[in-house]
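Each structure below is given as structure tokens.
You will see chain A twice below: alongside chain B first, and alongside chain C after that.
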Partner chain A sequence: MAKIVIDGVTYEVNGDNNLLQECLSKGLDLPYFCWHPCMGSVGACRQCAVKQYRDADDQKGTLVMACMTKANDGSIISIEDEEAKKFRANVIESLMISHPHDCPVCEEGGECHLQDMTLMSGHNYRRYDRKKVTHRNQYLGPFVGHEMNRCITCYRCVRFYDDYAGGTDLAAQASHHHTYFGRQSDGFLESEFSGNLVEMCPTGVFTDATFSAHYSRKWDLQTAPSVCVGCAVGCNTTPGERYGELRRIVNRYHGDVNGYFLCDRGRFGYGFVNSAERLAESQQGKGTGRRTVSEDEAVLELNRILDGGQVIGIGSPRASVEANLALLQRVGGDNFYAGVSDAEFAQLQILKQLSGESALHAPSVREIEECDAVLVLGEDVTNTAPRIALALRQSARNRADELAAAAGIPSWQDAAVRELAQRELSPVYLLSGYATRLDDIARATVVDSAPGLTQLAQALARTLDSAAPTPAATLQEEQKQLLGSIADDLKGARRPLIVCGTGSGSEALLKAAANVARALATARGGDQAVDFCCVVPEVNSVGLVLMAGETQSLGLALKKMQAGDVQAAVVLENDLFGRAPQSQVEAALAGVGQLVAIDQLPTRTTELADLVIAGTSFAEQQGTYINYEGRAQTSMQVFMNNQAARPAWKWLRKESETTLAGLLQTAETTLEGLAGITAILPVSAAAVAGMKYPRQSHRYSGRTAIQAAANVHEGKQPEDRDSIMAFSMEGMSSQRDTAVLPNTWAPRWNSNQSVSKFLDEVGGHLRQGNPGRLLFTRNGSSAGYFEPESAAVTTGDFTLIPAYQLYGSDELSARAEVVNERLTGAYVALAPHDAQQLGVAANDLVTVSADQEALDYPVCIRRSVKPGTIVAFTPAGQFPVAGAGDQVSLSKAQGSGQARFGNLIVSDLQQEGI
Partner chain B sequence: MFSLIRDTFTSQLVTLWRVFKHMFDKKDTVEYPDVQPYMFPRWRGRIILSRDPDGEERCVACNLCAVACPVDCIALQKAEDENGRWYPEFFRINFSRCIMCGFCEEACPTNAIQLTPDFEMAEYVRQDMVWEKEDLLINGTGKYHDYNFYRVAGMAVGGKDKGEAQNEAPPVDVRSLLP
Partner chain C sequence: MNSNLIASSATSDKIQARELTASEIEEIEHEKTLYPDKQAVGLEALKIVQKHQGWVSDESLLAISRYLDIPVSELEGVATFFNLVFRRPVGKHVMLFCDSVSCWIMGCENIRAHISQKLGIDYGETTADGEFTLLPVPCLGDCDRAPVMMVDENQHRNLTAEKVDAIIQQYRNNEPGEQGS
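Moving on, here comes the complex of A and B:
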């Protein structure tokens, strides 16, 4: 702790930080542009100038940049000093000399850091009368808009995009007052984190193009604290609605999970909520006999079926805990099955088993950033849990911080630290099925199929701990060497991390990864748990496996259905055709009396259902989701569905009095895995006189005009009986409690930079605590190492490796219209040599045949694919022809496909030969 | 004492005389609606949306009028034409709520929304006081004749490319090293 004096007031600060950081943490208003808590200082904008005095006697002082000056003990500074104020006013004036007169037609207007800082620094009228510099814009793809005239050359965009997120296609170009931030030429931004430019850029250069297409000002959006349903990371988001339509998603700060950043799937994949395809009303009957039914009819019919006996329920990893619970409570635990593929179910069971082990720890995203040696086993994190991939990039930079610390350079001195470290990175080892986006930070990569990687992992566990089971295969010398250095790095690290997941499709690999972590824990001794990050595919995969019984797999359900043991099956937000082979699903559906499907969008399953119930999207309902680390988080409802779709839990509850809280309370007592979950329910502790928290800002406009075209007599606001929030501008101030604060805003801070006002320190944690609760209780010791099993032998010439795509592997976001342009479509990737042997060129069709099934795929030729393996991408909603590690045969088929390989998310498309 | 009585008395007489004299003054009340009063140009009455000197819709759908409106009686939606020009897809004013305060006009950065001297807006049916863009948009510049927002703003729109706005240099060639 250091003591510094700011404008005569003494503050206790962290002396390692810089002055700007500390001023903001103390809630003081000091303008800045180029500094960012995650990216440190470069002193580029000169906006944060303050006066620093040598000692109490120094009357004159010197101007210093607050972001470049350490908050040394005893520092005396002044923000309010006249000279400092004048300096800042002059700086902003010079930054603005070429700024266009755009605010009214700028998407940033009203939430613009530049607007805020201009006002704060006191520049009002333009004095400069020379010509303004202008720039041409670029087309940057369907997500991000570009209006280069508005740039103030703070360099934040490239520092985020290139330095922080590892992008390569955005750069500063030209020089002096011509500096330009863009790509070499028009084309979509390749980084999967490009959307963060919208929030990073303090001006309106980079804006959300999907938002612009149905634009509203920040204050006009109805918002609520929500959780992204794109993947299992559980990033916190703020979706905004206007006129009954979801308009955009922006980041909502969470100190442990997403911090300041989201991935593009989460930010731009919301379009499915507004899709014209949405199931607006419930329907009954099949084929041509299908008719729309009213809400009451639907409820009656659903209850008739549910009360008819012999009903099974198939839960969903993309539905909320509450929706699954309502179904579970209705059909009974013995009739509730997990709606995931059998292979995934088996993997999730292992995760569940490991979740109680005290030697392992599931790290949060922030903790991942702190790790300084990483081993990734068989998971393409960028495409399955993108926010974690961004965190892994930061963990690789820990080496730079170490070097800086040794040289006495504070870690926020960004340029100095980078200069010092050059390309030195903390060790990251990637053992995966195909080359991934993270390859550029890897110390070594191994590309192999799941069985191959499993062997390596087993051998590694053995290297780390001689008590680990003997690996089945013997290794080559270079493999041994590699494992040796991995083992050394993991053992020697301050905080090592093992990343694996369900993406490999292999139960054996997951077990082997767990063995590595256990062996590492033993090798490191002591009782410090080893970070073991197991990535799962969907937002509530973990929740589902905590609810469903250990044997309640989908395969079992389908068998029962096929055997005619089941009167009716209720499928919750799930397309069975994406979870099991088509033949199996068809046979099951033929055997079942009645099929009920609850969903938001039509799927092949809803098409075959006897009763289709219109469910709501995440934005139109409140729900709890449990992320990869067992963190249960509440996502609040943003707006009311104005058609006949209702939340699934409401359709399914038996008594109309059942509440969300009631569902969770019952679950807490009956389901062991969910113990403690009710603690996350937002409570209105501060509520006075039954008031609720408003979803609309105090500036929300058009209240008396929006509905006036239909009826000039204003109706009541829709009532929210389910939560502590109201569809209104009125109520308690949500500024007091970050658990219910959707949008950050503070006087003089209209942009998202206002988030500092709600944190204990900038870049730290939310003042009232980060919302959510970790459900895993780790008090069990390890059950001992998993014994290697010999895999079932299948025949064929190629080993299959499942692949994932950021856009396409997630069912919902893939159905957003804007995402279309970024989809690849199904494909199998082959090594050039194998392709040549088969006589196929890119996009030719090949037939992939396994035991029972055969499917045609377009071919992608990738240099990184290991000969003898095929990397197969199957979009969500389709079931792959074979499982991971299975042998398949290939033959050339007629015709060609239209897969777009330019959309592959890999480290270097050119290197891949695409 | 005497002077007080005298002054009071005189004052009464003077007042009576003045009132009497008014009987011969010109009348201020007019036979409205047969006689129309003179309305000052800056009177705050019926709201219109105007066009710029080139005849294009002035409103750029910035939403500032709507947020300034103290009774929240303006609702609109931004749209964009094929050349990047912003305009309101719909623009609605609920005149049954409007208090003619003029804040919207004051907030408008483009001089699009203007209050006019027309006050004759009474309706028998309240619903008829909800006006849409078709009802609001006039074919002229209203009170302000010269201002054209897009000639000042930096965005390229149809008929005005980058570098062609007021006080703008031609777009930079990033491939050039010349100063």
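Moving on, here comes the complex of A and C:
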């Protein structure tokens, strides 16, 4: 701890930090642009100038940039010094010279860091009356708008996009007053994290194009703390609603999970909530006999079926814990099945088994960033858990920080650290089925099918610990050498990390990965848990597997249905056709008496249901989701569905008195895996006289007139009986409890940069603690190494490797209209040699056939695909022709495919012929 | 760093990379031996291509980007940072006319007006016959002999209207310009 004096007040600070960090952490207002807690300082904008004094006798002092000056013990500085204030006002006046007067029509207006800083710096009269520099804007795709005239050249965009997120298609161009931030030519931004530019840019150069299309000011949006449902990371978000429509999603800070950043699927994939396809009302009957039923009729019918006996429930990994619980409690644990594919179910069971092991630790995103040696086994995290991919990119930079520390350079001296480290990175080894977007940070990559990678992983476990099982195959010298380097790097690292997941589709690979982590724990002395990050596919995959019994697989449910043992099946937020082969699903549906489907959007399953119950989206309900690390998080309801859709847990509850908290309390006592889950519910202890926390800002406009077009009477605000938040402007101040903070705002800080006011230190943790709770209790010792199993032999010429896509693998975001423009369709990627052998070119159709199934896929040719394997992408909602590691046959089919390779962002796509 | 190939995939429908010529490749290869990695050769490669082609077209830019595995946006950043890397076609002869303080004191504005009037071009423009492009530069380091301009590689000092006429005629006749003063 160091002591520094700021404007006569003494503060205890971390002497390794810079002055700007410390001023902001202490809640002081000091303007800045180019600095960011995750990206450090470059001293480019000169906006954070303060006066520094040599000692108590120094009356004159010198101007220094706070972001570039260490908070050394005994420092004496002044923010309020007149010269410093004047300097800052002059700097911002220069930055603003060409900035247009377009705030009233700018999407950033009202939440603009530049507006806030301009006001804070006291530059409120513009003297420059000459011609301004103007630029031509670019088309950057459907997500991000571009208005270069607003740029103040702080370089934050490229420092995030290129330096932090590893993007290659956005760069600073030209120089001095012509400096331009854009692509080489028009075209969509290729980074999976491009949406962060919207929040990273201090003004309105990069804006959310999806928001612009139905714009509202920040203060006119009804918001609530929410959790992204796009994947299993569980990033915290703030969705905003106006006029019954979800208008946008922005990042909500969580110190352990997403920090300051979201991926583009999470930010821009919300359109399904507003989809015209939404199931607005419940329906009964099939085909032409289908008719809309009222809420009361629907409830009666649903209860009649549920009380009729012999009912099974099929839960969902994309539904909340509460929705699944309500179903489970209605049908009973023995009749509740996990609505995921059987292969995935088997993998999730292994994860469940591993979740109790004390030798392993599921790292948070922040912890992943701290790891300094990484081995990825068969998981394409960029497309299955993008926020983790962004974290892995930061973990590779730990080497730079080590070098800097050795040279006595503070890690926040960004330019100096980068100059020193050049291309040196911490070791990252990528063993995957195909080339991935992280290849550029990899020390070595191996591309192989799951069986091949499994052998390598088994051998690696054995290299790390001689007690590990003997691998099934012998390796080549080259492979042995690689495994030797991997083992050395993992053993020697300060904090090594093993990343795997269900994405490989292989149970054997998951087991082998666990063996590697166990062997590593032993090799490192066994007293410290090894970081073992197991990625799962959906927002509540972990929650579902903690609720469903160990044998309650979908395959079993379908068999029972087919055998006619089941009177009725209730399918919760799930399309069975995406979870099991079509023939199996069809046979099961033919055997079941009645099918009930609860969902928000029509699917092939709802089409065939006897009763379709209109469910709500994540934004229209409160719910709990459990992420990949076992972190249970509450997502608050943002707005009320103004049609007849209701949350699934409400449809399913037996007693109308059952509450969300009640459901969780029952679960806590009956389901071992959910112990402790009620602790995450926001408590209204501070609530006075039953007051709730408002979802609308104190500046919310037009509340009394918002319904005027429909009715001249001022309508009552909808009542929220389920939570401690209200659809209102009035109530308790939410500023003191970040668990119910609807959006980030502080006096004088209207932009998202106000988040610093809620943190223990900038870039740190939320002052009241990060919301959510880790449910895994690790007190068990390892059950011993998994023994390698010989894989079942199948026939065929090619080994199948499943692929994933940011836009296409997730069922809900894929149905957002704006995402459609970037959607990737089904494809099979072949090695150039194999394509030649088969006589197929890109865009041709091939028939992929396995044991019983055959499907046609358009072909793309990827240079790094291993000959003898095919990389198959099957969009959400469809079931792949075969499983990972299965042998399949390929033949050329007639016609050409509707391939959408234009949106395929892979590093090894062969261009010719497309 | 194969990530560059991603960046070029989105631009390829608009621009097709051209083939670099054998002599361009030879010179770029030589430069590569002088730097620790090929990405460092970006600027030199731009200069080499400009020397051979007169300017750097989109097709050339993409060709260098592919050849050196530098993201095309990054290479564009380098190309546009330097005023003398030409991203638009220029005339056969490029006149770099100093408009800095010493030349201004010595009346360069009159000479500039004379050139513009004679060739019918302003700063940044090229004559219709493709012979001359006129560009301003801040200083040519010859202040004691101002006004000064550089045509191609040759410096012309103590400029007068008459001298400018003669210089233009020389270049039109394909005669090399004066070397000393």
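Heads up, the rule we're going with is that the second predicted complex is superposed on the first by the 905 of 914 C-alpha atoms of A that agree within 3 Å, B and C clash if a C-alpha of one lies under 4 Å from a C-alpha of the other, contacts with A are read in each partner's own complex, and residues count from 1 in each chain.
Methods note: contacts are C-beta pairs under 8 Å (C-beta built on N, C-alpha and C of every residue); 3 or more make two chains touch, one makes a residue touch a chain.
These numbers were taken from a predicted model, which means no experiment stands behind them.
Of the two partner chains, chain C is the only one touched by A:Ile905; chain B is not. Look at A:Tyr53: by the touch rule set out above, it reaches neither chain B nor chain C. Of the two partners, chain B and chain C, it is B that touches more residues of chain A.
By the touch criterion defined above, A:Ala171 lies against chain C but remains apart from chain B after alignment on the C-alpha atoms of chain A. Contact with chain B, but none with chain C, is seen for A:Arg699 once the two complexes are overlaid on the shared chain. In the overlay built on the shared chain, the residue A:Tyr11 is in contact with neither chain B nor chain C.
Using the contact criterion defined above for the overlaid structures, shared-chain residue A:Asp129 touches chain B, although it does not reach chain C. Touched by chain B in one complex and by chain C in the other are residues 173-175, 180, 182 of chain A. Across the complex, chain C meets chain A through its residues 1-7, 9-15, 37, 58, 61, 71-77, 80-81. Contact residues on chain B toward chain A in their complex (touch as defined above): 60-64, 66-67, 69, 71-78, 80, 86, 92-94, 96-97, 109-110, 126-127, 129-130, 132, 149, 152-156, 162-163, 165, 167-172, 174-177, 179.
The part of chain A that touches chain B in the complex is made up of residues 100-105, 109-110, 129-137, 147, 149-150, 173-176, 178, 180, 182, 212-217, 219-220, 243, 699-706, 708-709, 711-713. For chain A in complex with chain C, the touching residues are 162, 166, 168-175, 180, 182-188, 190, 423, 435, 437, 439-440, 902, 905-909, 911.
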